[in-house]
Structures are given as C-alpha cells and as structure tokens.
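Take a look at these structures.
Below, chain A partners chain B and then partners chain C, in two separate complexes.
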Partner chain A sequence: MANTYTLIASNTLSTTAASVTFSSIPSTYTDLVLRMSARNDRAVTNGTLNLTINNLSTSIYSWTFLQGNGSAASSNRNSATTFLSDIPLVGSSATSNTFSSIEIYLPSYLASQNKPVGIFGVNETNATAIEMKANAGLIQSTAAIDRIDISNTSTFQFVSGSSFFLYGIKNS
Partner chain B sequence: MPATYEPIATTTLGSAASSITFNSIPGTYTDLRLVFTGKSAGGSNTLRLRFNSDSGTNYSRTSLTGSGSSATSAQNSSTDNAFIGAVNTLQMMCNVDIFSYAGSTNKTLLSELSLDQNGSGEVRRTVCLWRSTSVITAIELYLSAANFDAGATATLYGIKAA
Partner chain C sequence: MEKVIVDCSTGEQTVLPLTAEEIAELEAAAVAAAEAQAAEQAAAQAKADAKASAEAKLAALGLTADEIAALN
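Moving on, here comes the complex of A and B:
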C-alpha cells in the first residue's frame, strides 16, 4: 500500500507574523497532523500559542493538560473558551535561537462529530524554566475542518524562522 | 516523516459495538501505530487492549496522568490487559505505538490518550509491557464495561524501518 503521510502545505516565516493560516484544507485525508517549530516576540520565557478551526471563535474549545517544568509536574484545564490554548511557545526572554517543538493531531477531521485533539509541545532552552506539555483538546463542532489558524496572544508575533507544516494521513 | 507509514486496516463502527479487533496483522513491518477516536455508549469507562487474544496476567504498565487538577504516576503489574485510559461520552483520541511487534522479545507499547469533556477529562501517557515473545498478529480494543458508540474509528498503520 502507498505511504499516506503526506505534506499538504507548509509555511516558514521570512519575517514576523501575527498568525499563520492553513485554508482550503482538502477533504481527501482521514487525519491531520500539524507540526511546528515556533517562537514569538513576547517578553516571556514560556508563552502560549492559540489555535482555532474554520474561523470559529465561539466558546466551543476546551482542554486538559499535563505539564512538567523541569522540577515538578502539574495539571490544569480550561472550559468553554473561544480558542484552543496553553500550547507551549518560546518567548523572547528564553535562550536566543531556541524554538518550541509542537505536534497537534486531529483525527477524523471530516467526521460530523466533535473533534478531539492531541497536542504535545516542548520548550527546551538549556535553562531551568522550561516547559513540556501534553494537552487533550476538544472542539465541539461537527463541521469538517477546512481551515486552521495558529495565532499569538494579543499583538505578539511569531518570529522569522518559525515553521509550520500540515500533513494529511489517509487510512486507506 | 517515515517514508513507510502505511494503512493496514481501518474500522468505523456503523453501530455500537463491544470491541474492535484487527486480525491477521502482517509481519512485514517494524512497528505498528494504532489511532483511535470515539466515545463510550455507556458513560465513563476505560479503554483497554489485548494482543493475540491473551487474557492472561502478562501485562504491566506505568502511567503519567493529568486529571485537570493534579499530575500523578502509577504502576500496575501482572494485569490481564494493556490499560490505555479513560473514555466518556464526548469524543476522545489516542495514538498507540507498538514497537518491534514482529520480534522475538517481549513487546512494549506507548500510548498517548487525550480526553477532554469540557470541564473534566484526562491526559495520559502509558508505557505497557506484554510479556510474550510471540509475534503480534491480532489486537483487540475494548471498553471495560460498555460499548463503543457508533462512529468510533480505529486505524492500524504499519511503519517499516527499511
């Protein structure tokens, strides 16, 4: 059988950007995987990246996360929010030239059912204040996903060199 | 990305069912990945799997779990299944990587479970050991005390090292 882990689209930033959008996502796959190497210009060590689907900004997003910071593990959650968040993102106070590594898995993105999301992100910066986080996300929308927006908090921007890759996986 | 990420089989339930089983798994890959998304037709439950219909106490596991309020780790020995984690009435997902499934050593899996129920849920990472040197030819995925709801989808992929 053919390999079915296929690059749909990518974006490596040559300048700063407030957000990255993958639109017109084809409906020819079963699952989507978004892989990113990103950093932003917010003056923090560990910030957060946000995600929405289909331009939806109503209170349909929720998540539970498990995190480790190099010295302790903890867990928390958010409910009924307008975007999916708490996804690790290195800020400008972190060691220079370090980027977050993030994978977001969206199974059955075409199915007419709510969308679970599996997220794993890490900030490793050769410093004590690091972050490793596994998120369980839920998007209460039964619409097929044809657009994904990845954005920053407030007016902050992804820095040049941040890269974003969207893959499709077929189950047949 | 692995150049050999290939679908072996997939099942989407047209109606509620007690389990999803993949039989006659070819031994031609190096590793397996099982991707599951679905929900319980009977409220809160736990997702488990067994290899080759083995219900003996040949499984063990260590897990790291986030409940939304605390992080915990646990270990269980000599169980009769590979425990993956919680399932409830809203969609969840898990990826299960099964390493060197066709080898003659004991088998290890790593599962990544993501369950959020908009106010409850859990994140769980589990490593399970199946103390068997048999090649894995069948995988049964089931809930502890309920059916999977219609629409649940499980797909088995094969990954070749070369």
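Moving on, here comes the complex of A and C:
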C-alpha cells in the first residue's frame, strides 16, 4: 500500500501545445500517477489523447477499454499500436471551458518487465452524450520509464488552461 | 505548433516548435491508428458473423437454442 504521494512536476499550459513531455523522471519511486485536466481544439465532444513512454513509437502498446455515455456502452481492444490511446479528451464541440479529468496509473515503472497501465477518465460538458472510459493498457517494454509524452491525434492541440501533474508514489 | 517539455530533474520547462518531420509523424500515426482500429473492428465483426452463421446452421439441423448456447 502506497504511503507517499509526491508531486514530481507539473505544467499548466498558457497557450496551445501539441504535446506535453515529462522527461528525466526520477527513479526514486515505486509507481507513477499522471493526472490531467485537459481539452483540445478538435471539433468533437468526445475525443482522445495519446501516450507514449521513453520516446518509443514502435508497436508495443495495447489496451482494452470500456466506455459508456448513459445511453450506450461498448468495449474494444487494440493491440500492437505505436501509442496508447482511447484516453478521454473533450474537444471544441463540448461546452466552453469544460475539461476532461483523467488519471493514468503506472505501477512498478522501474521494474524489468512489461508495463501495465490503468487509466480512468471522464469528459465534461453541460449536455447529453458525454462519456466515461476505463482503460487497461499494456506496454511491452522492460525498460524503466524515464519519459512520458502526452500528445494529440494528428495535428490537434491542447488548449490553454490544460494542466498536467506527475506524481511519484513510494511503497515504503 | 509547439511542444512543451518538462524536465523532472530540474523543473525546467521548455517550449519548442514542432519540426516538419514531427508533424508528418503525427499525421502518419493518426492514419495508421485509424487503419489498425478499422481492421480490428472488421475482424471482430467477421468473427461475430461467423458465429451467427454457425448458430443458424445448427438451428437448421434441429438443435434448440439452449443446446446451441450450451456449445458456447
């Protein structure tokens, strides 16, 4: 059971950005937690953001997700992709100034084994057809994680006010 | 377009413009992801269609719905 929860680094965007990178992540924790409040400029209500580790863009990412919006639910699996996706992100069609709330949990990020990833996110808009999504991911890399990139699909951008917080957790 | 890099060892935050190569990579990745997702969805649909076809053939042979369900 984790008994520490330490902010490693954070960033709140003062302008748009295509991606946010946390580099030189210290190897002094047991788990990592990335919390985000984000929105992008894509003309959709329910979009997605992408994640990679260690600047790796080979086919090592897979995930299974469950999603629901109050009227429909679905599940799907994606494998051997070059980034981890299906992470909820509201776009410009959502009510103004609403953001997604997302938590990404990376346990045992230093262990010499493939890296599981737990993701839970909800979108926010003052209207119907908004979604929540739970996502179980796996990154087939045994290297310790020292870098995390959060990016948009294609050339869309995170809007100003989006914020990103990386925490370290120790088990002792 | 810009990218933000936060160096966790120093706290330094750097904003850099995306290179043309990086933009091209983003666009290519989006296309590849869409294609992969479409392929997986097509495979899942084909599997569901085959299952429905098999169940229809079993029903035509006289198996009850409970008997077909017991085979799953």
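A few points about this structure:
Everything that follows uses one rule, which is that the second predicted complex is superposed on the first by the 169 of 172 C-alpha atoms of A that agree within 3 Å, B and C clash if a C-alpha of one lies under 4 Å from a C-alpha of the other, contacts with A are read in each partner's own complex, and residues count from 1 in each chain.
The working rule: contacts are C-beta pairs under 8 Å (C-beta built on N, C-alpha and C of every residue); 3 or more make two chains touch, one makes a residue touch a chain.
Just so we're clear, the structure is a prediction, and the values are computed from it rather than from any experiment.
In the superposed model, A:Thr4 lies in contact with chain B only, and not with chain C. Using the contact criterion defined above for the overlaid structures, shared-chain residue A:Gly118 touches chain B, although it does not reach chain C. Contacts of A:Tyr29 after superposition on the shared chain: neither chain B nor chain C is touched.
When the two complexes are overlaid on their common chain A, residue A:Leu13 makes contact with chain C while staying clear of chain B.
In the superposition on chain A, A:Thr82 contacts chain C only, with no contact to chain B. For chain A, the partner touching the most residues, choosing from chain B and chain C, is B. With both structures placed on the common chain, the touch criterion links A:Tyr105 to chain B but leaves chain C unconnected. In the superposition on chain A, A:Tyr167 makes contact with chain B only, while chain C stays out of contact range. Of the two partner chains, chain C is the only one that A:Ser151 touches; chain B does not reach it.
Note: residues 76-77, 79-80 of chain A belong to the chain B contact set and to the chain C contact set alike, using the contact criterion stated above.
Every residue of chain A that touches chain B in the complex is listed here, in rising order: 1-5, 7, 30-31, 62-68, 73-77, 79-80, 105, 107-108, 111, 113-120, 134-138, 140, 167, 169-172. In the complex of the two chains, the chain A residues touching chain C come out as 8-11, 13, 15-26, 50, 57, 76-83, 85, 151-155, 157, 164, 166. Residue ranges of chain C in contact with chain A, taken from their complex: 1-11, 13, 15, 18, 23, 25-27, 29-30, 32-33, 36-37, 40-41, 44.
Note for the complex: chain B touches chain A at residues 1-8, 10, 35-37, 64-71, 90-95, 112-125, 151, 153, 155, 157.
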